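The structure's right below; bear with me while I get my questions together.
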Amino acid sequence: MSSPLLGEFLRSRGVTRRDFLQFCTTTAALMGLSPALVPRVAAALAQARRPSVIWLPFQECTGCTESITRAHGSTLESLIFQGISLDYQHTLQAAAGDAAERARETAMQENWGRYLLIVDGSIPTGNKGFSSIAGRDNLSLLQEAARGAAAIVALGSCAAFGGIPGANPNPTGAVPVSAIVKDKPIINVSGCPPIPVVITGVLTQYLTFGKLPELDALGRPRSFYGQTIHDRCYRRPFYERGQFADSFDDEGARQGWCLYKLGCRGPTTHNACATVKWNDGTSFPIEAGHGCIGCSEPGFWDKGGFYQPLSTGQWGSARTLGVAVGVGTALGVASAALARKRQKDAEGA
Amino acid sequence: MTGTTPTTREPDPLEFDKPRVSIRKPEHRFDSQGEAPDAARVERAMNSFVRDFGRTAAVYMESCIHCGMCAEACHFYEVTQDPKYTPIWKLEPFKQAYKREYGPFAFVYRALNLKPKVTVDELQQWQHLLYDSCTVCGRCSLMCPMGIDIASLVSQARHGMFKAGLVPHELAAVTERARREGSPLGATPKVFADRCEWLSDEHEVEITIDKPRADVLCAMSSIEIMKYPDSVVATARIMRHVGADWTFRLDGYEATNFGLLTGDAAAQKELTLKIIHAAVACGASVVVLPECGHAYTALRWMGANMYGKPLPFRVLHIAEFLAEQVRAGKLRLRKLGKSATFHDPCQLVRRGGAIEAPREVLQALGVELREMYPTKGANWCCGGGGGVVAIHRADELRHKVFKIKMEQIEETGAELPVTSCANCRQTFDDGQAHFKWDKTMHSLLELVADNLVEDAQ
Amino acid sequence: MNLLDFARGPALQWSLVIFVVGVLWRLLGMLLLRTRKDLSKPRRDAAWKGLRLIALRSWPRKEFLGGTAFGEVMGYAFHIGFLLALFFYVPHVLFFADISRGLLGTDLHGLTGLHWPTLPNGVVTLLSAISIAALVAVLIHRIVNPVKRLISNFDDYFSWLVTLGPLVTGMAAFAHLGGWPYERLLAVHLLAAELLLVWFPFGKLMHAFTIFVARGSTGMLFERKGASL
């Protein structure tokens, strides 16, 4: 497959220099790079070869793909995405059946050791029949594709952490990519789904610098997952003032107070929603009046009710405590009585 | 008490030729008394300790957070910087015993052996800390951020040590003498009567003895009788000056109470009851105690509890009595016109509460009072209280401590150091002799007696 | 049941039960011991006025200040930092309100209409850091200072550790340190706090209660005699 340079490709698609630089600027900012580095980002991107990308979908809902394609058609993100040589993505590609599989095999052979592997969805480790493509089970497909990959992007919480297929009781034995592949660099781009600009941002970073971004302990790029939703939430001042909505229809909710007591996972969720937002920067869940459900964190589905506050403790009942008071009192009285008896005995001695 | 009583030999077993009164330095020390086996000694110590325990002491035991601040208040730590003199450390075996034998979790401690049983070796080691290096001055009790009255716990621990027969030689000996002869330092009723007669002739003052009925019963300390007889004369002069209906009684003249210092509760009670019974017998409304700190604690604050009911008379330290007379205008004094500083006897001032009385008397004497720093409740102890001055092996340490006092007094620049405790006074005399110091401690009582303005009669 | 469920479920309940039982046991075990009536004639009748020692002893007499200033300052730094962080950090306040609702069916707001004041996270972080620094300083002092080293025992070191635990794990949870998922950090923080509750009645942490009884008793005894407080 031909791989012209990315800059040429974008120009051929009618992207102006100004648009391109602006894209580079926002991407650099998102990645936490200094503005001084923007020209370098631009130069590197323009000269970048369009890498071959193979996208394998396993146990997924296509939400991640939807997220990217929901990015408006004319955005640079989508163009950049088209800018890579997406050689296999069975939801998007025109080819089907044997032709599609051949395309994948050809791309793998031609770019062995160099292609970027994107995985969305988790991998079942139970019955092989739980999920297969063209008669091949997910596990062997992943193992084969991973061997020739330069790096793997685990896209979405299912590929990154097991996600909803991996939620209790996990009937398919779903595991994330990192549980299968141990010898290749893996970038976890978590979220259910991830923010489009985060996906393209990661790819840009990879294209620009030719290496993996700095990752956090959960394998997520720090540039996008370094802060919590709570850290950057516009409702944070209400939290600091102790002003909380107690229900979704009370005065506090109408006033836009903090949703912590309604179960918001903002304080424990690392993602860029509060800054990048969704739908072309329009809004994000908290802005729409609902707490964060923490979809970019491992096991988010199994952390109790979404509307149960983080600080909830099960303290037992007043009755339990009453019994404790009774027992403590009895022991105190008994030990004092015992001590008095020892005194009596000592006096006798 | 076998093995403890010094054998009577010439010269007198008591040393009156020295600046302080004690038994002579023993050639062989007997710092454990009785023949009990080790295990029994420990058992007795702990039984005694447990028996004394009440709510307050228990709370104290449970409250220590080991902050070590009490060390800063202790003169023995101050001069040595040796951590073993940290006041609360002096109670360590008893703290362990409390936790093991008596605290709310005692059975857990015993079951799991979390606090090992105290050994007789430990108790012997701690004798030095509980007696030689603690004057029960209670300065640490003012420091403790938890508010623990550490000094009271030391007294309680001494009871245990006495029961175990682990009291320093000198204290055991004098306590035994006090019980046998009625006075720890040889001031037997006969000696006292003879002295009074002689003093009466010598100083031309009437010294009343054994008046059947009297409003005021006076008592003396054996240090005064044997070493500072001028105090006896001074007492008589002052009583006459204020026109008191007063007497000494041969069945209760001795206020010194080595039972309290040693930890011999039975002896303490016996000695205290003598005075109480004597006062009751002559129908006294006031008992005036001599210049002696621990005598004040023994009768003023512990007397009624020994007696088992409230005392039918008032108990005053001589300084308090003098202050009352000053206030009543009955004491006419020459103005001294000198500067003086007052050394606060711990049992009288810090722990006894008679803080202002001696100062009022000094004001009446027209002295310029220059307070030491620190003073009153926070004043440093002379280092000789609690029986320490009697213990020969503690001399070196006590002298170190005494340096604090000398510095304090020098700093005031006062001409007259004055105190109101014969035990402090002999500690000062001893320190003065040891350091060849040019300052002599004065007795408030004698100072007053020497400056009475007698009407031309 | 995952670690967090355990930490805020059974572990929480049991630690609270042990705390309540232990504190009552030890307090009553002391307070119900016999007392002897003091028959001596008091110098001052209003002995209760000696209760002022409870407040008075919160700072040493000026004569004693020199040698104890380090301990006093560090002690205050640690206590103030710890207590403010404990009672005025937003999630803690919510947590306590939650307990209150669980046990009493209502919280402070429900009872009085008042809002419990809270401190901004930045202030709480600073206070916790000060508290940790002071704790480290007192530990070093305990080891270096001959007096404190001599009189220290297991209780002193273990109580130090269980006090430091909630502070450090709390800071870690707040800052999402160590690469652990927040829920695990939160669980560890809760478990650290529960360890504190469990150890509380059995070690020297009980001074939080006994300090009032000890100071008050001494104050009244001394006031009665007119002795120096």
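When the chains are written out, they are named A, B and C in that same order, and each has its own residue count from 1.
We take it that a residue touches a chain if its C-beta (ideal position, glycine included) is under 8 Å from a C-beta of that chain, and two chains touch if they have at least 3 such contacts.
This one's a predicted model, so the numbers in the text were calculated from it and none came from an experiment.
Peer 1: Please indicate the chain closest to the centre of the assembly, with centres calculated from CA atoms only.
Peer 2: When every chain is reduced to its C-alpha mean, the one closest to the whole-protein mean is C.
Peer 1: State the chain with the largest centre-to-centre distance from chain B, centres being mean CA positions.
Peer 2: When every chain centre is compared against chain B, the largest gap points to A.
Peer 1: Where's the contact count highest, between which chains?
Peer 2: Of all chain pairs, the one joined by the most C-beta contacts is B-C.
Peer 1: Give, as an integer number of Å, the spacing between the C-alpha centres of chain C and chain B.
Peer 2: Computed value for the inter-centroid distance: 40 Å.
Peer 1: How far is the middle of chain A from the middle of chain B, if each middle is the mean of its Cα atoms, in Å?
Peer 2: 79
Peer 1: Give the residues of chain C touching no fewer than two other chains, as numbers and ranges.
Peer 2: 25-26, 28-34
Peer 1: Going through chain B residue by residue, note those that touch at least 2 other chains and give them in order.
Peer 2: In chain B, 53, 58, 103-105 touch at least two other chains.
Peer 1: List, in ascending order, every residue of chain A touching at least 2 other chains.
Peer 2: Touching at least two other chains: 331-332, 335-336, 339, 343.
Peer 1: Would you mind writing out the residues of chain C in touch with chain B in their complex?
Peer 2: The contact residues of chain C facing chain B are 25-26, 28-36, 38-41, 43, 53-54, 57-58, 60-61, 63-64, 66-68, 71-72, 75, 145-153, 155-156, 202, 204, 206-207, 210-211, 213-219, 221-222, 225-229.
Peer 1: Within the complex, which stretch of chain A touches chain B?
Peer 2: Residue list for chain A touching chain B: 331-332, 335-336, 338-339, 342-343, 346-347, 349.
Peer 1: Touching chain C in the complex: which residues of chain B?
Peer 2: 53-56, 58-60, 62-69, 71-73, 77, 81, 83-84, 86, 88-89, 92, 103-105, 141-149, 300-305, 307-311, 314-315, 349-355, 373-374, 376-378
Peer 1: Touching chain C in the complex: which residues of chain A?
Peer 2: 216-218, 228, 239-242, 244, 260-261, 267-268, 270, 297-299, 302-304, 309-318, 320-321, 323-325, 327-329, 331-333, 335-337, 339-340, 343
Peer 1: Spell out the residues on chain B that touch chain A in their complex, using ranges where they run on.
Peer 2: 47-48, 50-51, 53, 58, 101-107
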